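Below: a set of structures, written as structure tokens.
Both complexes below contain subunit A, partnered by subunit B and then by subunit C.
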Partner chain A sequence: MFTEVQGPTTTAAAAVVVGPAGPRARRRPRSAWLPYLYILPAVALLLVWTYWPLVQTAGLSLQDWNLIPTKPKTFVGVEKYQKVLSLPELHQALANTVAYILAFLGISVALPVLFALLSRRVQGRARTFYQALIFVPFLVTPVATSAVWRWLFAPESGTIPAIATTLGTPMGNIFRDPDSSMLSIVVIVGWQMLGFGVLVVSAGLAGISPDYSAAASIDGASQRQITWRIVLPLLSPSLVFLALMTILLSAQWTYPIIDLVTQGGPGNSSTNIYYLLYQFGFRNFDAGLSSAAGMLFFAGFGIVAVIFVELSEKLSFHDN
Partner chain B sequence: MGRLVLSQLSRSFKDVTAVDNISLVVEDGDFLVLLGPSGCGKTTLLRMIAGLLEPTSGTLELDGLDITDLPSRHRDLAMVFQSYALYPHLSVAKNLAFPLTVRRTNRHDVSRRVAEVADMVDIAHLLERKPRELSGGQRQRVAVARALVREPKAFLMDEPLSNLDAKLRTATRQELAALHRRLGATFVYVTHDQVEAMTMATKIALLNGGRLEQVGTPDELYDRPASVFAAGFMGSPATNLLDARLSSSNGAITVMAPGVEAVLWEGETPEREIVLGIRPEHLSLHAPGSVAAAPTSGAALRGVVELCENLGREQLVHCRVGAHRIGVTCPREQRWEEGAVVVLGASTEHLHLFDRATGRRLEWRAEPPLTQHAAPNEPALSV
Partner chain C sequence: MAFILTSPPAPTSPPAELTRAADDAVTSSPRRAASRARSRALASLPAHVLLAILALVSVYPIYWMFVTAFRPTAEALSTNPLPGPVSLENFLQVWQQIPIGSMLASTLGMALVLAGAQLLVAVLASYGFARWSFRGKKALYLLFVGSWLVPFQVTMIPNYLLVSQLGLLNTVAGVVLPQLCSAFAVMMLRQHLESFPRELLDAAQMDGRSSWLTLWQVVVPNLRPALAALAIMLFISAWNEYLWPSLIMQKSTALIQVGIRAFLGAEGNNWGAIMAASSIACLPIFLIYIFLQRYVVDAFVRSGLK
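Coming up: the complex of A and B.
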């Protein structure tokens, strides 16, 4: 007669269940609210500094108020939205912002890719040194940056106009010329932002296994083919992230420089949407107009952000 | 065709010499396995052949052409990486097509070749998937297929089975060996796994510390290890190695060590410090006083059983002999108590002798001179 050999699971499993179940059951009630406690500080800060002001801004955008606490706020509906959309200053600021973004996409996305790819040819410690050199401007505060560049571009005694004069192309005061004021902002902010781009791109490149390039070169690909067909596609998630950062933050990055160097002038030629928003609110004391503009920008950038997040989801490859 | 000639190839990283003066010929159609422990320089050597690393000195020839300074893309080789290096943004089909499209092969030939190799390694149903959607075994197949898609002069493989589980590794091993037979192409295969080396290779190059220890067929490496290292590396459980003294008495060559006595054959030899190597499967266990325990030739080791390990198919009995612990494999039906006094016997043809100073194998040549004295690092008695 055969008897079946029993597996060890039945008794062992019973033992396992009986053992830890006791203490775990006792611990459960406390662990239910504990996780929420952990995230509470972050949530509280977000609520206080981001979401509550957002709600207030949305409220203000429907009201007429001149920021004086004793003056009453009057509800005006979407009137402020209609007004802000019809203002020529807003159209100019929007056009400028788009121009700034395009310029910075070049400076803080395209140029860093070029620099990072080139600096890969430098080996060892020298490479770190080069990258540090490019990154350092990012750490300088915008106020100091503006001061230094104002000296460099000073029409009477500045180094750059002096060189330009020697070369036979006197440049005058570029901050006071409507044709060049925006360019000067692009140069100053671009100089600061380049390092950030190089940092992100270098980190992205470092995350790509060198095996892919090695495999491609044995497969017969030239350096050019490896860059275009292997490295850049694998780098694209980093590039999407960098482009998103550039689009969302370039208006903020330019704000302090605009304020310190040109105040948006001459004649709004170098202003951008955030600077305009600031002017509406704190120069013209029109809280409703400023808030309406702010809400519109929030919605616009929100849509851009969603598109990019979707894009980066699609592009991200799980390196294994 | 694919005949590789490595001449005095070396590679140093700062002050570490990873590959030290290696000369080796890989004949067309060879399955050469570069075998050795971690850090022995086998992968460095393979990467130099692939053109991914420049040699510090030495030359490389492929079919008579000096390729030492040729960039890897012009070498006409294919490689399977340990990580497989499947391009993660491309589908399997595009991964397979990559070596062809970068060479501007026409589209019709590309799709024909891709379909052929996909059939060959049985991945035709995976062509539209991305690498991340594949299992480890499937990725390995795709990597092999990508190497096969061109017809390169030689295939280089860097531990391609190390990321697979044991069962899959055995199956894939057999498939790779079959593939080699079918293609008749030259393979250079890096592994630290002696089973892979023994089963697949037509020729094994055993490396240690950047140097070649032995080059030969799997049989040669196993049956006549050329050095103490080769004897210790090949075989599992490992070869027993013990210090002994070679001499002659009463017209016979003898090997003596505490607890060890061996009478080899007739002859005369000056005394010599040696290392005696005996594989566990070539030893037999006897109770002292039994007839088999007193052989007329071969080696007899007297020891005490310390531990018996059940290996499933057999058992490994560890015995203390002098200062050494000697492993013996024997059928599990034999019962040996711990602490029992035993005699371990081995026949003469299973004794491996190595010079203690150089670590090289000593072989006996009957006719004069009885013992040749050789150059310090290359004894005449060595292989």
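Coming up: the complex of A and C.
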């Protein structure tokens, strides 16, 4: 599945490239095996490192095994699935994952739309300059990100607690408090993703021809009407792209920071489903449990993705 | 990994500002046009303020990292937001405690090899897909598209076992091998190749060039900007990759991600040294960004790779 978010004029551009000859007829190769030879390395790697492991994970999910090669694997049927579904850790991790997704829908979709719309007036060099700065956090490597934020939040002489104390609301160690540990992860990952969202939305806005808004304003449409009825619908492909990415990848984005900053704690308060998989597999050495949970998440995200792609086909507006 | 591509938005018509300015020039006196320009500049002031705040929030933690790193060790806990006298003590401490030089070198090597190999595999595959039609093409392509639905965490146990059977645990090769095929790169390049002028390929064929020579003498040279952007992005992703190295390199600190993680754990609250190590870990990426900023932003915004 793979959603293309197209700038409005790409079809026209493609038509130019195709030229008067019309749609290009794709050749049959001279020797039948030639194309397979070109795609062989990629396909082989994909099979060895993605699809065959997926099958193995499905197999492991039906077995009891502690990851030690010399120890036997025992077939236990769906027992691991039953067990994982009844674990309170899983429920907590699922609830946390949903909370993370909602938070990031705000930070990497809604806020960027607001920022991008409000900052449309800034053009030219100033705009490039701001955007260059806003994008930097996205490039900071996870170990450095977590180190810097631990320092900023450090209870002793950290910048943020110092500011909080001056404002009269002293704060403790944000990472050690079960009520705030998740917030700390949201702040850190949100800092990284906000700029990315702003740039994607700005690129989407730049792709919308200003003619539509100009025409509407000649017809007497107000600024608010133009934004809601014209700009946002035309922006919907970019928004669908960002929202789908946020839903599918929030758990990936947060994983390194969770591992580096809170290890899911205290008491699983900041964990997410992928971190739970890691703990089942590489902390508790329960391959079956980790695999069973993994298969469930795989199925769950698959369904979400399919629904989303269907929805986006229906909801997206295109101007061609 | 997600591979959702956004095609570059092509500008359709002159920006509104220009058209409006042209209208102004025709309909009104120069004086009125000038006062309008001034009021427009004033109207953009709130937008400037907003963007400036956003930029400050984005950059301040990084600024603070460097400021703390360059402070004398005695003043490491200073909360003064302005940089004071510059000192290299913290860097010296990092240099003495961990083999940061060799970590940088092996991470650089890993990222270069990985990005290069991913690019090569992707060039071959996308060329195969874009140039010919063949039996099973759709199904095979679906393998690439579908792979982003398989989160890495779901396949990590079998992958870990395979790497361990190959005897590659705690080696850089074990980090590189499972990631050699970037489905994202294949799809992005295929998109570029789909719009590659057919006439050039046909001409090359008429000249008697084999498909292999055509790829290297005709396609690759013409695709250079796209390949460069993709290569930079793959390099940055490889450098910043955390999950797989952290699993495979549990007993090794050869790569910067795991090496600095161990250092952070050992140093606790020695913020000066920690910030120095962190700034070193980011430095190569920042250098790339400073010199190739436009490429980097374009490549990442057009993709969804993470």
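Methods note: the second predicted complex is superposed on the first by the 284 of 320 C-alpha atoms of A that agree within 3 Å, B and C clash if a C-alpha of one lies under 4 Å from a C-alpha of the other, contacts with A are read in each partner's own complex, and residues count from 1 in each chain.
Just so it is clear, contacts are C-beta pairs under 8 Å (C-beta built on N, C-alpha and C of every residue); 3 or more make two chains touch, one makes a residue touch a chain.
On a predicted model such as this, the values are computed, not experimentally measured, just so you know.
> Specify the partner with more touching residues on subunit A, choosing between subunit B and subunit C.
In the superposed model, C touches more residues of subunit A.
> Touching A:Leu234 in the superposition: subunit B (first), subunit C (second), both, neither?
Touch status of A:Leu234: first partner only.
> Let me test your reading of the model: by the given contact rule, A:Asp211 touches which partner, first (subunit B), second (subunit C), both or neither?
After superposition on chain A, A:Asp211 lies in contact with both partners, subunit B and subunit C.
> If you stack the two complexes on chain A, which partner ends up touching A:Glu310: first (subunit B), second (subunit C), both, or neither?
neither
> Identify the partner contact of A:Phe135: answer first if only subunit B is touched, second if only subunit C is, both if each is, neither if none is.
A:Phe135 contacts subunit C only, not subunit B.
> First (subunit B), second (subunit C), both or neither: which does A:Gly220 touch?
Only subunit B is touched by A:Gly220; subunit C is not.
> Of the two partner chains, subunit B (first) and subunit C (second), which one does A:Ile39 touch, if any: first, second, both, or neither?
second
> Share the list of subunit A residues that count as touching for subunit B in one structure and for subunit C in the other.
209, 211, 214.
> Which residues of subunit C touch subunit A in the complex?
Contact set of subunit C toward subunit A: 2-13, 15-17, 19, 40, 43-44, 46-48, 50-52, 54-55, 57-59, 61-62, 64-65, 68, 77-79, 81, 121-122, 124-125, 127-129, 131-134, 137, 140, 143-159, 161-162, 177-181, 183, 186-187, 195, 197-199, 211, 236, 239-240, 242-243, 246-247, 256-257, 260-261, 264, 269, 271, 274-275, 277-279, 281-282, 285-286, 289, 293, 296-297, 300-302, 304, 306.
> Residues of subunit A touching subunit B in their complex?
The touching residues are 209, 211-212, 214-222, 225, 229-230, 233-234, 317-320.
> Taking the touch rule as given, give the residues of subunit A at its contact with subunit C in the complex, in rising order.
Going by the criterion above, the answer is residues 1-10, 12-14, 17, 19, 21, 24, 26-29, 32, 34-39, 41-43, 45-54, 56-57, 60, 67, 69, 115, 118-123, 126-127, 130-144, 146-149, 151-152, 154, 156-157, 159, 162, 191, 194-196, 198-200, 203-204, 206-211, 213-214, 237-238, 241, 244-245, 248-249, 251-253, 255-256, 259-260, 274, 277-278, 281-282, 287, 290-291, 294-295, 297-298, 301-302, 305.
> If you look only at subunit B, which of its residues touch subunit A in the complex?
Per the stated touch rule, the residues are 50-52, 71-73, 75, 77-79, 81, 83, 85, 87-89, 98-99, 102-103, 130-132, 146, 150, 156.
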